[in-house]
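Below is the structure I would like to discuss, written out as structure tokens.
We call the chains A, B, C and D, going by the order they appear; numbering starts again at 1 in every chain.
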């Protein structure tokens, strides 16, 4: 394992120290592991709190700031944060207008946020939870853990964050978050496995010409193993897999996120994006807005995910609204 | 012999020792079908539990005269606060439920049947929070046969040492029996059929937990010279 | 070689197609391989043109936009662009106020930009060249090719770009670019080698516990090979190497760029940044501004570079000026 | 025999063929001490040169009646436009200088001495642009001995076939002699002492270029039956 770390046991603390040093616009509570905006919003507003295991940077700490999150709770690497963090975060940022928890659908995240919501309610906070579950690689049924939350988290946080910034009430912000999630689907392909620092070796092994199709963001293997193919074919497979699940038809507009999983250079992500856009154009689907880069990563995993969010005027307007966070900025 | 504060503390310490000994194996099992952190998760949690036990001034320390119930409730809270992931809330809630089910100080402490009820409350807490059914390849698949074996032993007249030994055996069998199962809850479920052929890490740590209970009870019994078997 | 590409021969075209699809705010001339702003600056202003081999994304195309570059000329992977590109770019963006070429000091880049400057002069354009040569890993003398241009390029382009945007004349913009370069030093450490698509295999081999110290951004090996050590020690070595060359003393302020080389996750870059900031604090040097992320990459190379630019009030003010490019935005 | 348009074209085509044959070796040499693209750079460049030769309507095509000078000048321009990197401007400028040094159409075409002056102009162009001295482990280290050998042969009375063969030998020896050198220009210079022990890719491609010249001349000579040796 080759990593720029001091000790597998201290990666989270050490990274938080770096975030604190790099971002005076953020307040990093290293003891409680809570990242908030250094400058509070002026008036009362619905607060957005998210969190999850670390190793997905810039998610979530990189999205704290005006127009997006009010607080983030980073857990240990690939491990859900604990309820105490979420409670501390909620209490730190609640202005009386209530708190929305944005939760990626993983068993641990769901349960820890559930306990946090109970504790917050006991302390008199109004909390709503938006569950993100966009990964079409996973079969969704009441008999399973359900779809994983991946790339759509960025869109939920951005769009619901914009609405909150405008002073919308708690239930509206939460409902919009749910609407964005419902309009979103993602699918990912990995070229290499991620190495969790504490584990010291890759989560799975791939041969030099193998890819893992349908991976999540926690280093877990995917749906199946295939041969590496040209970017054009991989992009086509990802687009078609999403379209098979998502009701998108000619004339629809989407926001498209081609997301790097951590170890893939930007040049390759642009190649993939070009192929994705061409494929969607072939279906008559317009990419109204896009993001290309590392937004929801899986440590050093090489590969990409595609998220398609069906968009309409109001959604696009909120997507375009100003945002000022370390990882997403718009004037 | 009944469930006093000392036994509760011995149990928790025995779990911590087992986790310290076995965390690599747990992590390895979790690497195969999860995300490779189950061992470190529990290790972090039980290390914090030990710190709390050993520093009575810490905010996490159990109230000194709260009895076994308070000690286990506090253990559960520490796990919730420190572990994270899936296993943190599940084991945390379980220990809180066990603690809450034990009689408060002042009342006679639990006997074998009473501990059985507490262990059942622990399983209920796991199932309420995690919504897993037996066969889903989770903690539930070790805890359920552990409880069944415990109850059977108690029904057959066993005292704490025999009943907890039976429970440990049940949990270990249950953990082994997860190997052929296809996971339907937790991270392993994302693997679908690929999860078959691997032992569930959470069920395995549950087996450690019941084995620790049996050991703590047996050690206590040995110290007492096996004087008051029922 | 595992890459998200169609064909090693077409990576540049394919990536440019993706850039064009992703960024309506850019105009991508795929035939000439020139990226410009889609919307021209309103009045006449000095135009900044940069370029270099591809594989360093977001450099340079990702820095085209208001407040930074007017045009970028991407060459083949790790290969300087050709004079025709630079000439086409200069002609496309010159508003009569003249053009500044920002050139990283590599033999190929220098010579191609030199020819381009000759051709541009023949066509009546006023051209100044700012040579970036910040890499302290390389011995600098008239008997060598001189120091390489690396991370400081981002600072030169940002700060000189801000001055150009304010309407400063050609010579002032060029002089400021030179001043920023002179105030900057960089040093890089690699954990893995880069794989050029056309070559198909890593440029050098490192054992599982080896790092390459003093690497450039073209996959070339560095000064020496060492054992991997904790991030704290690597950060210290990089800081001390730069300070040994750079006249920085207690009380000085710097802009610090901890730059990922392409394959290193953001979490690790933050860990490094935390250690760099602590080390600098130990010297009494203040990090006045910072950037942490992938800005000047070397394909999929894992590792980081540190750039320290000695800053004063006017430099910081220009650093803080608004910028709106794909990879660097500030309101 | 003198340097007519046909010989110039044969030379350029022979270089293109050699580059196509040897590009992998050039790239391999460049991987060892550079950035692994010298072969693909030249391949891209000479492919474009061939396209221009084969499609007389293309803007890159030499003027049909411009003589050998125009053809080589145009070749240089195409290399500058298509290659990039260090070798593009260097070879581009060199061919432009060679072309410019050859007599324009209407004047008697260059003999062996005339070509020698043109090749010297090529070397001057490389040195003016790249500022490398002999011993810096660059193109200069193959071109210089090539030119020396060429001039020596001409001084000894050789015609084009012998002189160009001598030049090719000189370039090849020069390329081999770069192995023990420490690079002081170009990317390889960043390696310092680590560049020792490797043959310079640019010097190697210069050797291909001179060998191609010798081959083209010899083939031409053979076709003409060796009739008019001086």
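Rule of thumb we're sticking to: a residue touches a chain if its C-beta (ideal position, glycine included) is under 8 Å from a C-beta of that chain, and two chains touch if they have at least 3 such contacts.
Note that the structure is a prediction, hence the values are computed from the model and not measured.
With centres taken as mean Cα positions, chain C sits 29 Å from chain A. Each chain gets one centre point, the mean of its Cα atoms, and the points for chain C and chain D are 33 Å apart.
With centres taken as mean Cα positions, chain D sits 55 Å from chain A. Residue numbers of chain B whose C-beta contacts span two or more other chains: none are found. Residues of chain C in contact with two or more other chains: none. Interchain contacts link the chains end to end along an open line, per the touch definition above. The chain pairs satisfying the stated touch condition come to A-B, A-C, C-D. Only residues 27, 31, 34-37, 40-41, 44, 80-90, 92-93, 129-130, 184-187, 189-192, 194 of chain D touch chain C when the two sit together in their complex.
Note for the complex: chain C touches chain D at residues 53, 75-84, 106-108, 111-112, 114-115, 137-139, 143-145, 148, 196, 198-199, 203, 216, 218-221, 223. Residue ranges on chain A touching chain C, taken from their complex, read 2-7, 11, 14-22, 54-55, 57-58, 62, 191-192, 208-209, 211, 228, 230-232, 234, 258, 262-275, 277-278, 287, 290, 292, 294, 297, 299-300, 302-304, 322, 324, 329-331.
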